[in-house]
Structure formats: C-alpha cells, structure tokens
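In what comes next, subunit A is part of two complexes: it sits with subunit B in the first one and with subunit C in the second one.
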Partner chain A sequence: MTEAEVIELIDSSLAEEFELDRKDMVPEANIYEDLGLDSLDTVDMVIVLEGAFAFKIREEEAVRAIRKLEDIHHFVLSKTGQNS
Partner chain B sequence: MELNSVVVTGVGTISPLGNDFSQLLDGLIAGRSGVCEITELEQVGGLRSRLGAPVKGVDPKQIPRKFRRSMSNMSVYAYLASQQALSMADYPKGQLGSGDLGVVIGSTLGSTATSENFFKDYFRDYSLERMRTGLFFQMMGHSCAANVAQSLGITGRVFAPSAACATSSQAIGHAYEQIAMGRQQAILCGGSEEFHPLTVATFDIMHAASTNFNQQPEMTPRPFDKRRDGIVCGEGCGVLLLENKISAQQRGANILAEVIGFATASDTSSIASPDVGAMAGCMQLALQDAGLTANDIDYVNAHATGTDVGDIAEAEAIAQIFSTRVPVSSLKGHLGHTLAASGALELSGCIGMLQQQQLIGTLNLDQVDERCSGIAHLQQNCSQPVRTILKNNFAMGGINTTLILRSYLND
Partner chain C sequence: MIEPQNKGAVAPPPSPLAILLMNLWAYPLLVFLTLAGVLFFPLGFAYGRFFRRWQADRLTRWVIWVYGRCWLLMMRPFVRFERQQMELLEVGKPYLFVINHLSFFDTFCMALLPIYDIAFAVRSWPFRMFWYRKFMYLARYLDVENGSWDDSLASSKETFATAGSVLFFPEGHRSRNGSLQRFYSGGFKIAVAAGVAVVPLCIVGTDQLLPPGRKLMHPCRISLRVLEPIDTAKFAVEGGHMQLRRLVKGKIEKNLAEMRAGLD
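Showing the complex of A and B:
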C-alpha cells in the first residue's frame, strides 16, 4: 500500500463510519472541534482503523494523543511501516 | 391530597398505517390494513406465520448521527413520535430542559436486532474487539426513554416501563399519576416496538400467531371473529404529551382529551392465559379511579388481539360489566399487534374517535364467534356522540391495564 492509499483508506473509513463530508477532512482538521467527534467516537475510531488495517492499536499510548486528522495519518503510517 | 387533572395536548405516532397521527386516523377510519407478507420470515425454520405489520418509509438519517448512533429502530420511532407530540402541542422549546417535562416510554425488550447482530459477530471468535460503543445503548431496557431524553434535551424524570403488550398503557398510566401528584408538569409517554422474527416466533410456538392467512394478509388478525387464528405482530410507536390541565390551560395549549382513570393489576392465575375475573377487576378499578360507573362509558376499546383464548376472556369480562349496552371494538384488525406500542397507538385512535365523534369498528370481524358474544360488537364505523372511552391492554406475565379517556369540555 502506498502512503496515499493508506491515507485514502483512513479517510474513507472514517467518512463512512462518522458520516463526514470529505471536503472537511483536511489534514489539519481537529477531530473534535472541526469534525465533531467525541470520546465515544474515538473508541469507535480505533475499532474502524483496526478493522481497516488489521492491526491492534487499542492499548497504544499514541492513540490518546491524537487531535488532528493528520495525527491519525502519521500514526497509521508508522504502524504500517510507511512512515515514522 | 388534591390531585391535578391531566390532559392530552399532543399525539405522535409511527405506525403500520403511516407515520403521523393524521395518517393513522385516516387509515383507521378508511378500514385499511397495515398487515403484509414478510418474506424474510420464510427463512426461519419452523416458523409458520409469514405476516407482520411493519412501519414503512421512515428515514433514520433525518436524526443527527450523534443521537442516532445509540438508537435502534424502536428509538428512532420514539424520537420521531415524541417530536410530533411536542410539535402538535406547541410545547415551548425553552421548557424541554426545565425539569418540568419528563419521559415515560417503554419497550418490550431492548433491540433484538442489535442483539442478534452483536452475537452473530461475537460467536465468530468470541471477541469483543469489534464491539461499537453504541451497542449497549440500543440493547439496554430503557433505550427508547433515554434516547428521547438525550436527543431532545429533556431533564425531568425518565422512566421506562416494560410489560410487553401493556407497556405503553402502563407508561401512560404512570405519567398520568405522576402529573396528578404534581411530580411533573408534563410527560411524554408511550411505548415503542420494532419488528423482529423472534417476536413472531414467540407467539407461533405458543400457537398464538396467525398462520391461516399467509396468502391474504389483509384478512388477519380477526379480533372476536369466528375464523380468527391468532396475532399478527406489528411495530411502531405511540407517544402522548400529557400535561397538568391548569398549566396547559395557562399556556393556551389546545387540549385534545383528558385522562381521568387508570388501573393496573396482576393476574396470577397464569403467566400466559388470561382470567376473566382479573380482567373485569382491572376495568372496575379504573372506573373507581375515575369516579365513574359502567353507565358513564360510551365505548370500550378492547385489547382483543385475535387469539382464541384471549378474545373470549376479554369479551366475557366486558360483558360482566357492560353487557350489550356499550359498543366495543378492537383496532388490532387494522394495526396488527404492535405490542409495547399498542396501548399508545390505539389510545391515539381513541383520541381521533373523540375528535371525529365517530367510533371505528373492528376490521375483519365478519362473523362474531359465539363464545365472544354477549357484548355490543362494532363491526362498522359509527358516527355517534362519544365522550368517555374505556381502553384495555393485557399482557403476557399477567399484567392487566385499563385507561379511561374523556373528551375535553372547556368547563
């Protein structure tokens, strides 16, 4: 999977789960303030990402630090070996 | 202690006959049936009934995702019906979070469909790792009441009675008593039900589901009829806005009717089979609560679901009190048995009868079963003065309920 493909899979998975408008999903978007997610959604977000990428991230400390969409991109890319 | 008078100021309905009160009433008066063939039932091994009375044309996506994620269909119906009731009552939005408004909305169970989907996935590998956070909120017993309160910002008392087919009658009765005692100024009350094959199966295994009319859905259920063969399960939601009569008058609300009596009592003769004396006793208790006698009642809206045993017992109980003096009908022939929603949906129909001064006859009652005789069966609609209505709902588990409704005269 290329980096662009990983990002596309992240964004499309989150857009479907949380009924987000893709035009709002800019990398710098704050997932709470700009995309309207809340604490329950972030739990579900982990499940969505685990399902999309077949990895386990629930216990990862880095997940709790996620604030922006690009944080998710970077985190997943690091997990999938495309980025650090 | 002086009790407050309680009035109905709003009605909201999602039903097999349409998705608001006017569609429900139009369908009832026109003698339409909400029953149809449910093809998915063919896939259930051993299930003989192929019928249901489903809700059609509801788009859950009209509800914001943040509220919808914790809702199964029953909560979607309850939310929409509650909105309708508040809108009809012109209830002030600013009062929703005042604490004066409560919610008493129940269901037979939490969402069976959600439970089924969860366990289907869970049994693949016994893993909880795919479990979404919204799941519990759809499966919990107070899902409808909590979702309505959360989504509409209602901060008063929230209760979720659960008594199968008597759920919404108990909810309305409970709300009536809460307002009468001054604990709340207003309450959204009723019940909601979502269709699931397991519900049909529950009745089918007890030989209480209709199975002889799978090819002619509109001919069943047949309350009190000689050819009746059981229940057809339906779904939907009925919600009434009950208010303290004085505060409703003070805010200039359009009052639709008064709730003047309620009784609920346990029949311990059997968990499944009704007892005539217990049914009659419940009706008498409601009359006492309203300070009325049988002579004050103009019409009885029966629970009558179309089962062999239940219809006979109810007819005998009604006959003991009213003989042939008072017209009796059931709305199950139109709506099927909407279970937890049935009390509120049928009481909504009764409010329509008060408004129209027209009684609605029992659909599919062509030939009265001799064992159900002794009461004045209403087989056709009938325009006549009607002021006071007695409404029964009886449930598995020996839960009997009776409500008494009166038209509002501004006196």
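Showing the complex of A and C:
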C-alpha cells in the first residue's frame, strides 16, 4: 500500500464511521475542535483503525498524543512501515 | 440523510395572529407553571419522601414528568400532540432511550411517554438554568459534557437498578436544519455495558414549534413514535456499540422520513 493509499484508507474509514465531511478533513484539522470528535470517539477511532489496518494499537502511548488528523496519518504510516 | 423540508403538499404556515395569540398564551403560562412548580415542589417532595417513601431522585423525576404533562395540557389549544406505538413499552422496565433532537421543548414532550422515571443525559448548559438546576441534580440527570464516562456509567447503572430509565440525545445538539446529525457513542456504550435495551424514539414537529435560534413559538403538530426495544446482549462485543449506533440511527432515519411524510 502506498502512502497515499494509507492516508486515503484512514480518511475514508474515519469519514464513514464518524460521518465526517471529507472537505473538513485537512491534515492540520484538530480532531476535537475541527472535526467534532469527543473522548469516547478516540476509543472508537482506535477500533476503526485496527479494523482497517489489521494491527493492534490500543496500548500504544502515542495514540493518546493524537490531536490532529496528520498525527493519525503519521502514526499509522509509522505502524505500517511507510514512514520513518 | 433526512431532508429538512417536506416535499409535496406542505401545510400552510400559521397566521401572524395565531402566532401572536400562541405566544401571549404560552410564555406567561410557562412562567406561571414553572413558578408554581418551584413553590409547591417542597410540599410535594416532603409528602412523597415521608408518606410514600419514594427515593428523592425517582420522586423528582415524577414531579418533572407531571410538570411536562401540565405543559402538554397548556399547549393543547395551539399544538396537536400525537403518540405512536406506546404499547411497545413495558412500564417498570429499565430502558436507555435515544431520540433525535430538534428543539428545547423536546424534553418537555417526553411527558408524552407513559414512563415517568427517566433521567436525562444532557450537556452542561441546561444545568446553568438556575430555575431548573436544583431539580436536575435531585433527579440525577447526567451532565455528559462535564462528567466523566465512568461517572455517567455508574449513575446510569444505579438508575437502571431501581427500574429507572436514562434518555440520551445522541446527536449532542439540536439540529439547526431539521436533518439528523451524526450520532455520538456514549449512550450506546452505556446501554451495552449495563445490558439494558435501547429504545429509539422519533420526534417530529418540535422544529416547527421552536427551532434553535427562533424566539416565537408557532402552532404545529408534534408526533412522538416509540420504536421496538433493541436487546443489547448481542452487541456486547468489541465495537458492538458502534454497530448498535448505526442500527439505531438507520431505524430513526427511516421512521423520521415516514413521520415527516405523514405531516404533509
């Protein structure tokens, strides 16, 4: 999977699960303030990403530091070996 | 997505005179009803606590339901209320209700339900209305904005344990255009964790009565429909609350479309 495909899968999975408008999903969007997610959504987001990429990330400390959509991109890319 | 505007034959808008009369009637009576409720509450509360031995939260929820019933009666000259499928509810059984949100008066319309023992899960702003705040605390309403998830779950479980119910507005906010918004997971997680059935409710018409941003009430017809309770046992798996949320939203969406068509 290319980097662009990974990002597309992240964005489409989150857009579908949380009914987000794709035009709001710019990399610098804050997932709480701009995309309207809440703390429980963060837990759901982990389930969605685990389902989409077939990995386990719920114990990862880095998940708690996610604030922006690009943080998710970078995190998943690093987990899938697309990003150093 | 539900279209905010009804297609086809649309009921004529209410006349300015009807709107004027309604607001001259409804607002002063609402103030009177609220003041009377505040003044007489201590007497009724004392009677219920010491002679009927009711729990404070359950008693307060009953008083709030009676207040709502009085409001329904008060609004009758200008609003036609319709209840649908109430027979699906078993009085005395705990449920987690979820309902679409159109207006400040949606909560008042919950007095149409045959069940009074309901704790509402709301955002923090209703707790800032000083004339309601004391009652909301006594009734053990949930402040889902400021309270933690653990607090909400613990309080809900206590309510369910005494055969009470909890009601969530899964959209979080009143709809600004009548369309159904995204659903948040909180209520569904609580229902699955507590093992209680979810009952989807659909309300239409309160966005004609008083939508967000408007000050004057309009005469209208309001319908509240109860949908079949959904057993949450099979959703007690990882991500099950998300499946439940999608299922419930689909049912509410479908029924709202039917109900709106019926209002044409």
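Convention: the second predicted complex is superposed on the first by the 84 of 84 C-alpha atoms of A that agree within 3 Å, B and C clash if a C-alpha of one lies under 4 Å from a C-alpha of the other, contacts with A are read in each partner's own complex, and residues count from 1 in each chain.
Definition applied: contacts are C-beta pairs under 8 Å (C-beta built on N, C-alpha and C of every residue); 3 or more make two chains touch, one makes a residue touch a chain.
Keep in mind it's a predicted model, so treat the numbers as computed, not measured.
Undergrad: Figure out whether A:18 sits in contact with subunit B (first) or subunit C (second), or with both, or with neither.
TA: both
Undergrad: Look at A:40 in the shared chain and tell me whether it touches subunit B only, subunit C only, both, or neither; answer first, second, both or neither.
TA: After superposing on A, A:40 lies in contact with both subunit B and subunit C.
Undergrad: In the superposed arrangement, which partner chain does A:51 touch: subunit B (first), subunit C (second), both, or neither?
TA: It touches subunit B and subunit C both.
Undergrad: Just to be sure I follow: which residues of subunit A are touched by subunit B in one complex and then by subunit C in the other one?
TA: 18-19, 36, 38, 40-41, 44, 47, 51
Undergrad: Using the touch rule from the top, collect the residues of subunit C that touch subunit A in their complex.
TA: Within the complex, subunit C contacts subunit A at residues 149, 181-182, 184-186, 189, 238-239, 242.
Undergrad: Using the touch rule from the top, collect the residues of subunit B that touch subunit A in their complex.
TA: Against subunit A, the touching part of subunit B is residues 65-66, 69, 129-134.
Undergrad: Please give the residue numbers of subunit A that touch subunit B in the complex, ascending.
TA: Residues 18-19, 36, 38, 40-41, 43-44, 47, 50-51, 56, 58.
Undergrad: Which of the residues in subunit A end up touching subunit C in this complex?
TA: Per the stated touch rule, the residues are 17-20, 36, 38-41, 44, 47, 51.
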